[in-house]
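Chain lettering (A, B, C and D) follows the sequence in which the chains are written, and residue indices restart at 1 in each chain.
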């Protein structure tokens, strides 16, 4: 039996980082991950992740160590996961790569190739040349589209949660040239609150969210750039509206596309089934059965279903995932699997 | 002081009927309503509405009497509210009109003028001629569009909950000829569970709804016809997708329109403000502030807000209401007020 | 018609203060309340309460003015409501009284007569003598027990939300000497999140509360002192455990009492009905029907029901209320009504 | 490698049965379970469990076969799980045992030894002698108390969900003789809606449950008998009040005990730690840290924590579990592990 992979996670105290830690703990090819906290983050004195998340208790301790490159190399860490705010990832990842680590970054820091899309993040790179080089080098970690590049990547930019549902829903149609891009594509997405992060704000207060629904970030959400780049759409061709749902986790995106010509539902279904043939983590529903958020909760699936109008041209696609798994931590593990030549589903079923 | 109006409600045991009863109980121009049950509905023996809804208790009793035209006339009832399933309304309303009552019907039975739209209901009218006549005579009870006709109506067909949010959001643009109807209009609506009625089904089971979101009735929902008729859109111009939200009440509709020419946000805002000038129950939000479901809960408001894309042509409108009030019982009271020459907001603030 | 009462509210930006403002706005005997913010609270520039709570919009503006005693007197304000943190109330109320205002305080600052109970608040009074005097003078504002004293009070200490449910549930039994206090009384209470206040914390984050239930403050919660004082119980006779429910508002307390002698359910019911005869805002349910949180939401009722064990001695009482109404703002209005000789239910039905 | 165990499940279409099926599917010592439906239950034509629960799709099919003893024996089934209503279990289990199967029954049919407790179920046994014999033979499947007997059992009566939380919370104290049983023990339990089963009723309708809390079955709930028998308490010594929480799953029981003598918290904690030493699925929290429902969701843990009053005699214990796992399916798998000499946690971490 080959030695297990040694990995480290920075940011296990956030929702995605916690989920990632859980997945890594039960991954058969990976050693118990080293959990890191930022060196200057003396923190609230917590040293055990199980003190922050009592759900983890009962199986030993999960110490959070200060990040230190020398110490990580001594421990033989080969792969680093960054589950950190994007500005932290933007600053740390160049160091990590320079130190020789492969990195899977769960933030938005390295997903965008085009400066126009990156602008919404307002990055201030210390070393612009290195940042530009890494930006070019980073592979967008959507396994269903980029598995070959991911396999050999040094830096994997793990996709945004909303972006995953929208890109997977549209890629088959767009690659096949079936969608009438000029008529415009609409993605109306709804996400659970964990997508907004663990920071307590007036927006994440229970009383603000419960018994409510709200739209936000219309025309300005950061995931719009990812969708446009991966789907090769212009800004005006795609309209994206995220909404905050009164549930802890899960995303449902309802996507509206006009087809270039009237089609049969069977033809559309074939297009999807062909495209995702052999891809374990996309489940295509036979029309008119539609996925619901509950179906993919606590799994790494992205579920796709659709309805076609009687006119054969208006297509409504419904795309669901667990935003913390296929939309974050599970996809990161899927990427790790590809980077190490393991079956895509290792540790994910 | 003039005598108060005498009204009766059939269907107070449903969610809309209960809400209506509550509103009527505190309406200053109306006597305590007579609550009716269907004559052949000997029921579970319940004779007091407060036994079914203990929230009502503490203020006397609310007896449910069997429906009897003679008895109603003896009591001097002038206005009848039907909060009944559409097939019941379809059968009963002709009788009620023949007996000389004015009627506000909260079901979908009398909302549609065009046979093609009515087809989804599958009505089997006993007397086709009368039904056709009443169909023609019935006024679509959306006060912001039809207040004049409502004032003199014998039969008011109270609008559907989804339809109210969508029609009010689109009417100003369409009447002004600003929307590019041919590029297609999308209404992505999300509703609380009370919209699905009080019948326990696997779909309304708490465990099915909580932590979930699901789309349903794509291209087939019955409210589509109302929207098309009131907005004079063809079937292919409007796509409507309702979703079931894990909340008890409230609707948010996100509506996507392409404008015929690039516009300024101020211009769009003016269009809305002009159109709804003097209408108490539509609140227009200044862009880019958007309404949320919580804002209009327990009120008769329909809240409208919008965002305009940088290209000046893609418009996202958000429309919210309490589905049981502006989407049902409150609107019925608003219609009653218009029918009797009272201020539109009487009993509704 | 006599002139309407002029009142001011400090703290309308909190949940209780907002609810209070809403109730005062529709109270027939009261002028539109003057809304105050603390003088040193230059704030986020918000000057209109409707900007903070868009649900209020559509009916004029609700300016928040800095607190200024001279200005308040010029305006003829007679009654001041403090919906402020207890340390603020403790500091401000002596000033207000010295300036000649009657005050209804919604915090815990003035509820407790005994120093041992007050200790949990850790008050640091600037003028100990005045504080002691006002502590003595303040009337515990539970109208069902203290209506006479409230009528003439200068300072009314509005009860705690949990305390209201527990005291109203136990008072009839204890006053009648039926409860076996020495065997111990248990109050197991469950509250919606608005009871924890509007401050965003990790504890009020949606993801922490949803799909969860947690107990807290066992043996240490501040409302314990109120219950003990009003019910004349020793610390060891009453055990109180509050829990945080995944709902926005409402409290249900399940209370366990041993009776001194075996009784019939009818006898117990009579004891409650007698005690609350003529009290509009306590609804006694006939055993074994129990109140639920939904029944009293958005009302000023406290609902009481009970089950008696076959042995006739173990009694389980269930007590429900809306924590923001009967547990806060509604009770404050009820107290205001008593202080001005109006019917107890004025503006509250 | 020894051959895997062959098992069958009747009732996989219910919540507990589904959860059980999921656990069995990933259990390393068990073959893919045979899923059964009752022979006379021609059903809605569904033959694939994934059609009923789309969350299961993507990994082959899960056919539901009609129950047939001959066929089961041919397939080499050795262990049968009954996740059926209690009256079905009461009728079927004697047949299964007569046919030579070992059975783990998840219903309440075989848990109670004493006729007085069994009375609430109103069983009508076809063969009273066999039923009496099996009642005697059945082992109460709470592994933390009865692991030895479970190992050799033919019939395991899997405990009730509420009963598991209460018995595990009280057993250490009662076995050590520390609790003052005569002063009375209170168990105030709160459960998610899945505990009420999948049948749609007015009680499980989303609108009835959301934003609500209700107590039910006071003094009459069926789990009371289990608690009394396992803890050797008389009916008057234990008061149990279940409540319905607005969450899909999870139980929190708050339990009130008077100690015979004043104790230190450390002493109480030792009592619990000693008692559950080596038991993987009970997590004892150090006082005053209390478990919450979220901590044990989707796990087989029962979490215990407590607070001791300053008087050293009033003890509040909080006990949490996932009602579908430790309270049903997980405990059934734990029992299966014990019956086959596998590590208790096999397939459960």
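Everything below uses one rule, namely that a contact is a pair of C-beta atoms (placed from the backbone, for glycine too) under 8 Å apart; a residue touches a chain by one contact, two chains touch by 3 or more.
Note that the structure is a prediction, hence the values are computed from the model and not measured.
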Each chain counted as touching subunit A and subunit B at once: C, D
Label of the chain whose CA centroid is most distant from the centroid of subunit A: C
Approximate Å spacing (C-alpha centroids) for the pair subunit A, subunit D: 37
Chain centre separation (subunit C, subunit D; CA means) in Å: 40
Rounded Å distance, subunit B centre to subunit D centre (Cα mean): 46
Numbers and ranges of subunit A residues touching at least 2 other chains: 208, 210-211, 246-249, 292, 294, 297
Residues of subunit D defined as touching subunit C within the complex: 183-184, 186, 188, 190, 208, 210-216, 218-219, 235-236, 239, 241, 243, 245-250, 252, 254, 256, 258, 288, 290, 292-294, 297, 307, 309-311, 313-314, 316, 318
Contacting residues of subunit C [partner subunit B, same complex]: 26, 54-55, 57-59, 211, 280, 283, 285, 289, 291-292, 294-299, 301, 349
Residue ranges of subunit B in contact with subunit D within the complex: 15, 193-194, 198, 200-202, 204-211, 246-249
